[in-house]
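Both of the next two complexes hold chain A, though its partner changes from chain B to chain C.
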Partner chain A sequence: MSQFLATALVLHVVLGLIALGAIHLTFMQVIRKQPPWGIVVAAAWTALLGFLLSWMTGAYYYVVHYGVAVKPRIVSGEFPWAHKIFMEAKEHVFLLIPFLAVVALFAVYALREVENPALKSAASAIIATTLVLGVLVAAAGVIVSGGVR
Partner chain B sequence: MDWYTFLIITHIIGTVLGVGGATFAEVHLIRALRDGTMSRDENSIMQATYAILRVGFFLLILSGFGFFVLARLEEHTGLLYSIKLWAKLGIVGIIGVNAVLLQLRWIPLLWGSAIAFTSWYAALILGALGRGEYSFFWIYAVYIAAIIIVYFVLRAIHARYIPHKH
Partner chain C sequence: MNNKTLMRFLQAAAIGSIVASILIAILTIVGEEWVPLKDWLKNTFTHHWLGKGALAIVAFSLVTLWQGYVCSGEKTVQAIWYAVIAALLSAVAMTGFFILHTFQLV
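== the complex of A and B ==
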């Protein structure tokens, strides 16, 4: 693997984790009685940018290297389900996450302007969904890495 | 400094902040509630402690995934088949879920505290244990037993030092 691809893989993981940390922080602050909106907005922006950049670097690694060099090794190895189930699920679920992060950011801006319990519940649900899907995608990444033997 | 050493140092700092934060969160909580109410100053100390805990948690996860990436890049994926590692990952996941449940007040404070406190020490101990044969069942059996014991100890401490509201 070239240095550039290795960097793309590292950035994919690190940026994804930063985004997960930021969306976790967004959720923990939004559900408070009086959320600190400055922190919430900054965290929601960090999450969105992190997910987008992780998406792009991951996509580059996937298209240029994974499909050609890693996938055949997993599929012909001991744990073909690591690709057939987990990577297939991961690559499709991950498509949703940046869009959820955009919705979460808009909801946070709206909540900052208007106090609305129904919107707060809906925004919390969207943010929690983004967090849970992000954690599942990260866990799937570990399983896929373990599938290469 | 090579990447492995950097990750080890970051992982240790994250664990130290997390274990220290979890310990001081309990100490500060009991001290703050001794007079039955939490003042603004006491609340700000609690918030600072929780902020340190979050930083520790984030460093722990970031460095933990750093080990995965390093293993993947160096083709040492044998690391990913360790029972101890998956048990630790599960416990780190429980720390995150427990923090959310506590914030939502969907779990009693004492149970949440017992889970957080025990989980951080469990992560520390699992990280410090050397290579060897470990059973997933026994790790979790001891972990659950430790949570129950810590719960009753915390309950006794709260009953002794914190006045009850009638």
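== the complex of A and C ==
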């Protein structure tokens, strides 16, 4: 694997973890009675940008290297399900996350301007959904990495 | 951006997200079962996964912009809840499909 590909893989993981931390922070602050809106908006933006950049760097690694060099090793190894179930689910569920993060960002801006308990519940739900799917995608990544051995 | 415009675009983005969630699930599951679709995605976008992502971005952007100008913003809360349900169902459908596919049940 080239230095560039290795960097793309590391950035994919690190940016994804930053985005997860940021969306978790967004959720924990939004459910407070009086959220600190400056922090919430910054966290929601960080989450969106983190997910998008993690998406791009992961896409480069996945398209250029994973399918050619890693997938065959997993599928012919002891744990083929690591690719067939976890990688397949991970790569496709990941496609949903940036769109949810955009809605979460809009929701944060709306909540900052409009005090509405129903909107707050719905916004918290979409932020929590982004967080939960993101955590599952990250966990699947750990399983896929283990499946290479 | 005033509050009404903000609510309209929030509702629009939620609807765009619903469309993207459904489209990704359909392209993924149908693409695995009907080879010409996956081949078309590969040939057009160099990789099927890039094709699904690109089409989802286009669908999300067009629907969000269109709905941003035509929706009232009065059903924002419902739209967000439907976006949550659509994303969860899409994730469950795709994961469930790959589990069944691995065990050759579909």
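Going forward, the second predicted complex is superposed on the first by the 149 of 149 C-alpha atoms of A that agree within 3 Å, B and C clash if a C-alpha of one lies under 4 Å from a C-alpha of the other, contacts with A are read in each partner's own complex, and residues count from 1 in each chain.
Here, a residue touches a chain if its C-beta (ideal position, glycine included) is under 8 Å from a C-beta of that chain, and two chains touch if they have at least 3 such contacts.
Remember, predicted model here, so these are calculated numbers, not experimental data.
On the superposed chain A, the positions of chain B and chain C stay apart, so the two partners fit side by side.
Touch criterion met: A:Y109 reaches chain C, while chain B stays clear of it. In the superposition on chain A, A:V148 makes contact with chain B only, while chain C stays out of contact range.
If you stand at the C-alpha centre of chain A, chain B and chain C are 140 degrees apart, rounded to the nearest 10.
Residue by residue along chain A, chain B and chain C are tallied for touches, and C comes out ahead.
When the two complexes are overlaid on their common chain A, residue A:F99 makes contact with chain C while staying clear of chain B. When the shared chain is aligned, chain B comes close enough to touch A:V13, but chain C does not.
Once chain A of one complex is fitted onto chain A of the other, the partner contacts of A:L119 are limited to chain C, with no touch recorded for chain B. With chain A used as the common frame, chain B approaches chain C to a shortest CA-CA distance of 19 Å. Shared contact residues of chain A with chain B and chain C: none.
Those residues of chain A that touch chain B in the shared complex are 1, 6, 9-10, 13-14, 17-18, 20-21, 24-25, 27-28, 31-32, 128, 135, 138, 142, 145-146, 148-149.
Those residues of chain A that touch chain C in the complex are listed here as 55, 59, 62-63, 67, 81, 84-85, 88-89, 91-93, 95-96, 99-100, 102-103, 106-107, 109-110, 113-114, 116, 118-119, 121-123, 125-126, 129, 133, 136. Against chain A, the residues of chain B that register as touching in their complex are 54, 58, 61-62, 65-66, 68-69, 71-73, 75, 77, 80-81, 89, 93, 96, 99-100, 103-104. By the touch criterion stated above, chain C contacts chain A in their complex at residues 1, 3, 6-7, 9-10, 13-14, 16-17, 20-21, 24, 28, 46-47, 49-50, 52-53, 56, 60, 76-77, 80-81, 83-84, 87-88, 90-91, 94-95, 98-99, 101-102.
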